Every structure is written in structure tokens, then in C-alpha cells.
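Both complexes below contain chain A, partnered by chain B and then by chain C.
What follows is the complex of A and B.
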């Protein structure tokens, strides 16, 4: 895929979270915290990484999605800041870096 | 003085379906659980049947509350968690009312962990951005082959393969913070697990132990691998008659799969909470042939030794035993050797004690067989009915005892003995007794 729309990205991230966390689709809201609200543990973040890489054809740096600080949280408490929107934004950024166009 | 140990709960996932009721109906009516394998394509396999659990018979989602954990559960672990849930329910144990530090788990599982069909199938998935796939497949370089293959499988796959996962998940689900063991002694695993759980309660280490076994060798590796060792029956045409322990025409075992989990409990603890009592465990012994990996010594000394020691442990004389649930695999060697060993221990009484092999019906559950057969003994005790050895048609001069041929038999029984042996030469024997004493036996 050379081009993704914003809503395609959001829906695919949502489907990854539903599958990996067996979450109720209605619980996947932009502000929902993936660890605190949706119950992700370390192994689920590995699972989410694997699924995102497959769907979006991206390579996420190892340990970037982790319950430990240092990855996506940029030193902050991941449990308190990693929400669905942050993950969607991260995927968008990864897509842009690989030269994929994102449209509305 | 050791604590007395009772069985206060049981759960089973079997090729008859889910639950004790279906299992008992199958084994007491002498029904073969054999099926042509549907789970994977067995065309051109030398063996195309097994006592398989089909997807319409067991759905892990009905038993496992933490749905997202299912992705890391092997097939065997899923069976084990289902059986454990049923066992805890039948025991009426409320995890919030127990001291969690005195609830243990000891489970018998397969050697290197089950290799599921879905685990292999994951390899077809690929990580398209993985550089390794752009290079040529490195033949004859196992290190590099694995790097590529493992790069394609789901990253949580290693958590499916670890042999201790059944025991670990059971502890998490049921808040069992006591000692947690996994026993992997091939087909002796679950009998030894139950025996060691028995000892833990006797010694006062735990009040309750969730024990038993689970295994699923009905997969390409199991079906082809056991056939390569020459131990499976290839009777594809009459597969329901393939498993025929003690029969003269027996030619190997039928693979099966499943989980049987028991709740062992300190008698006083069980009485205090008014829990059900299915039977008492009174004797156990384990030992090793220390002979050859898959051959049994012709005079069956290792088997005789564990039966003798278990009887001694139970302070029971051979003539008091009312029923023997044999290991009875249906291989030419096992059934002959087990027969000799029984004669060695029981003398002339060997001809009086009824013996049957549950494997004639449910096949060989490998690591889980001992637990399934102990459940069979407990049900036999509670129903006063001996399940048969089916497909018994032609007596073998070397197997000349009473194998309860083809039909269940009503009998007043109080004491049962169950044998389990495994590749490697490990042997175990467990002795059960109908519960007598203060408190009400469970009906």
C-alpha cells in the first residue's frame, strides 16, 4: 500500500487492539489508556507490535512499545500516557518515515 | 502421622467431549472415542486416526475468563485450564476462602511441550520488512534457518511451548500461591504428579493441590513421530478396533488427547468446609526400570516394584485389591510385561482381580493418561461398575488374566490400583480407596 487514509489507519490500529487484547470495540476510544484501561501487559505489547508490523508493513524498533519507560513514553510513565491516539500517531509517523502518503 | 488425602474435585476434557458425565458414559458403555483425524491433513500418513478432541467438542472460551490469554495457550494448556475450572467447581472451592499460600499445583505435561498445528501454521505469516527474507534460504545451516523461521512466527510462541505453562496459568487463574511443579516423565507424568501432590498434602505442605495432567500429541509430530518408533497401530480400516489391549492381535496404541485434573485435599480441611469426597488416596510409589529407553525388562521388575511399594505404602495386601486399571497400551510388549508383573506381585490372586485398560476406548493421552485413568477408577468406585477393555476378541496365551472384556461389570469394589509407565522407564502406581469415615461420601 502506498497510501493510507487517516480513518483506515485508525480502524486498523483499533482492530489490532481488539484482537490482541480481546477488547470490546467500543472500549477502543482515542483517549483510552492501553495498559491501564485496556489491560495490556508486556506480552500484549509484543503482540501489538507484531500485528502492527504485519498490517502496516513497518518495522517498529525493538522494545519501543513496552511497559517500561524509554520507548514510546519518552521517559514518562507509559501506563499513564500510552493511549490509543498516541499509538495511532506513532503509526502515522512510522508510515511517513517509510515514504507512505497519508490522506484525509 | 500423615494427613489423610481425599479427592474433592474432578474435571475432564476428553475425546467424548467436556465433562465427567460424557466421559463416564463413554468408558462405562465401552464406546471407542476413535476418530479419523480432522484437525490436519493426514493423507498418506501411515496412521490416520486418533482419539481427537474436535473443535465442536471443546471451546476454550467457555472456560477461560481472561480471553486475551488464549493466544499464548497451547492446545494442551487450553484443555488443562478447562479441566481445572471444572475440577475447582466440582470441589466447591471458592478461591477467596482459601489460604492461597496453601493451595499448590502439580501437573504432568509433555516432554518438550506440545507442538501445536497452529504453531506450525504461523510460519506461513511473514514479516515483509524483515531483511532476512531477501537472502537465499540457507540450507544446511540450522542456526540461520531458525533465525528466519523464528522471525516469522508470532513473538509469543515461546510461551506456548514451555512445559510448565499449564501449571503457571492454573496458579494465576485460581490464585494458587503454594508450591508449583510440572512433572515431565512422558506417559508417567500425570500419575507421578498426582502421587507427588498426595505426598505434599500427607506432609502438610499444602491443604489443597490442583493436580493431574494434560497433553495433546494428536498433531503431525506426534502422529508421525510415534509411528516412526513403531508403537502405533496402523489399523486405519478398522480404527475403532485398533486399540485392543491384551488381545492377541494387538499391534500398537492409538494416540489420544485430553486433560484430567483432580483436586486433592487434606481430609480435615475438606471436612471443615463441607466439601465433596470422591475417594481417598491411600498409596503411591514411583520408580525406574533403569533398563532401556523404550523396552521394558522382560520380567517387569520395575512395574512389580512400584505395585509392591504402593501396596506397602497403603498398608494393603494384594488380595484386598478389587480392581486394577492397567497402563494397558495395546503394544505387544507393554501388555505382556504388565501381565507378568501383576502375576509377580499378586501370585495366584492375579487370576481373581479384574483388570481393564481405559486406553482401549480413549486411546493413549501420553502425559495425561494416568490422570484420566485415575478419574476412571474414581468413577468406577462411585458407580460400583468396572469399565471394560474393549476390542478384546482373541486371548493371548501370554496375557491370561481377567481383562473385563468388552462389557462393563458391576462389582462391589473398595480398593483400586492404577498403573502408569513411560518411555524412559519411569513407573508409577497409585492406590485409591472408597471413602469411609466421618463425613459423607459424595454420590
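What follows is the complex of A and C.
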């Protein structure tokens, strides 16, 4: 796809989280913490990475979605900051970097 | 053992760290050109590459997610283009989570099964084309394939599938001059094993029960991998070589 809408991105990220984490779709809210609230474990973050890469045709930098140091929120506790909105924003950023247009 | 694999082209999946790195390095020390498959940790893969180059052998890195057959296909095509053949394939890559089976989610099951077991099936489909001159395929398993270890279920089950696959492949690939075998490792000192719940407690109990009176090292597995890949093992087909310091005897 050469263009994604904001809602398409959000819905696809939501679908990934529901599928990977067996989460109730209603629990996927922008501020929901993916590790703390939705119960993602290390292996799930890898699974989510693979699913996002496949759907959006992006390459997520190694260890970005990881509980190990060097990933998102370097120096901070990933479990306390990684929420759904942050993940959606990250996907948008990756899409923009690959030249994909994002519309409202 | 020094140059038992002189001139051979070997591929080690999950070769960037731990047991995979030890196998890759031991193969290099035995004279092989080593191809390393890794999932995401390029830094670790490059460190293995440096170690291999340090013993005077060539090393090439192949990033591929073995849960995806298409990625395996691309990797094997690249190997065919760049090297024209493959002599030895070691499927060492493994992924899992330490939890009781009833707490495993389907996605975690799928990822473990796909990387630990199905990947060997997919890799093996490419071997007849790459191993026209014959070869050796080795799968790295563990005692958890047939012993019940707490919180090891999803990995143990995938290793059981892997071992069964090894036996079937051994029979079906023998006419092609390709030997297929496995190595079942006991408790090996790696970073991964430290993720085991109650690691210290379990290790002290296990240590008491190991006749060899020590935990295994990645090099213990690597030595067995060199043997199985070499002509010294030319009449060994479809076997799982247990390398566990004697733990499974009890």
C-alpha cells in the first residue's frame, strides 16, 4: 500500500494485539500498557514485531520492541511506558520513513 | 578433530549466541566455511563472525526469521547463489517461553513450534538441491523432548516433534546421501537457561544428579556436532546423540 489512513493503522495494530495476546478488543485502548495491562511477554513482543512487519511492510529495528535494554524508552522501564498509542505512533513513523503517505 | 570439516560449507541456524555460536566456532576450527543464520541480534552475530575470522575461516551472516518459510527460501536461494552447495546444516535456532503448558497462549505455541521444529522441515526441503554431493543435517534437541521439566512444556513438545522429524527425514534423505541426526543436550550453561524460573535452585538439584558432576558447556554440544557432521559418523542415521553428562541415565 502506498497510503494508510490513521484509522487503518490503529485498527491493524489493534488486530495484531488482539491476535497475539488473546486480548479482549475492548481492552485495546490508546493508553493501555502492552506489557503491564495486556500481559505481553518477551516472546509476544517478538511475535508482535513480526506481525507488524508483515502487515505494514516495515522493518522494525532490532530490539525496539523488547524488554531488553536498547529498545523503546531506553533507560526507562519498558513495561511502564509501552502503550498502544506509542506503538501506533511508532508504526506511523516507520511508514513515513519508508515514504508511505498517511492520511486522516 | 582439528580439520575434520576442511573445505565444507556449513550453515548454523541461531548461530549468533550460546550453543549455536560454539558450534559455529568449532566448525570453523575444524576447517569449515561457516554461514550463520540469526534472527535479530546483529551485534551478537557480528561478534561470532569476528571470532570465526579470528581462527582464519570465512564467515557470512544471513538474517532470516525461520518462522517464515518465505524467508527460509530466500536465505537458501542466497546460499545457493553465493556458494553453490551446502555440506552441513545445523538447526539450532530455538525460541520459547518458560511457563506451564496451560498458561501458554496459541501465538507462543505457534512461534515455538514454527522455529524449533517446522523450520527444520522447511530447511530440509531445500537440502536435496543444495546437497547434491551428499551432506549432513543435525537438529539440536534437549532432554525436555521426552522428560517432563517444570515450565518447559512448549519447548519440550517442539523438541519432541523435532526428534521425530529427524527420524523420518533420516530415512527419506538417506537415498540422497544426506544423513540426518540430532543431539539431545542436557543442562547446558548458557544465558538462555538462566531465564528458567528458580534457575539457581533447579541447577543445584540437577548438578547432584549428573554423574559427570558438572553442567554442560556449549562446547560439549559443539564437539558432538563436529563428530556427527564428519565422515567419522558416516554410518549413523536418524539417531539422537545424548550429551548430558549422564543425567538421563536416572
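The rule is simple: the second predicted complex is superposed on the first by the 103 of 104 C-alpha atoms of A that agree within 3 Å, B and C clash if a C-alpha of one lies under 4 Å from a C-alpha of the other, contacts with A are read in each partner's own complex, and residues count from 1 in each chain.
Note that in this section contacts are C-beta pairs under 8 Å (C-beta built on N, C-alpha and C of every residue); 3 or more make two chains touch, one makes a residue touch a chain.
In this text the structure is predicted, and so the values were computed from the model without any measurement.
Look at chain A after the overlay: chain B and chain C clash there.
In the superposed pair of complexes, A:59 makes contact with chain B only, with no contact to chain C. Contacts of A:47 after superposition: both chain B and chain C are touched. When the shared chain is aligned, no partner comes close enough to touch A:94: not chain B, not chain C.
Contacts of A:34 after superposition: neither chain B nor chain C is touched. When both complexes are overlaid on chain A, the residue A:78 reaches neither chain B nor chain C. In the superposed model, A:21 makes contact with both chain B and chain C.
The intersection of chain A residues touching chain B with those touching chain C, taken from the two complexes, comprises 20-22, 43-44, 46-47, 50. Within the complex formed with chain A, the chain B residues making contact are 67-68, 70-72, 125, 127-130, 154-156, 159.
Listed in rising order, the residues of chain C touching chain A in the complex are 40-42, 65, 67-68, 95-97, 105-108, 111-112. Interface of chain A with chain C (complex): residues 19-22, 41-44, 46-47, 50, 62-63. Across the complex, chain B is touched by residues 20-23, 39, 43-44, 46-47, 49-50, 53-54, 57-59 of chain A.
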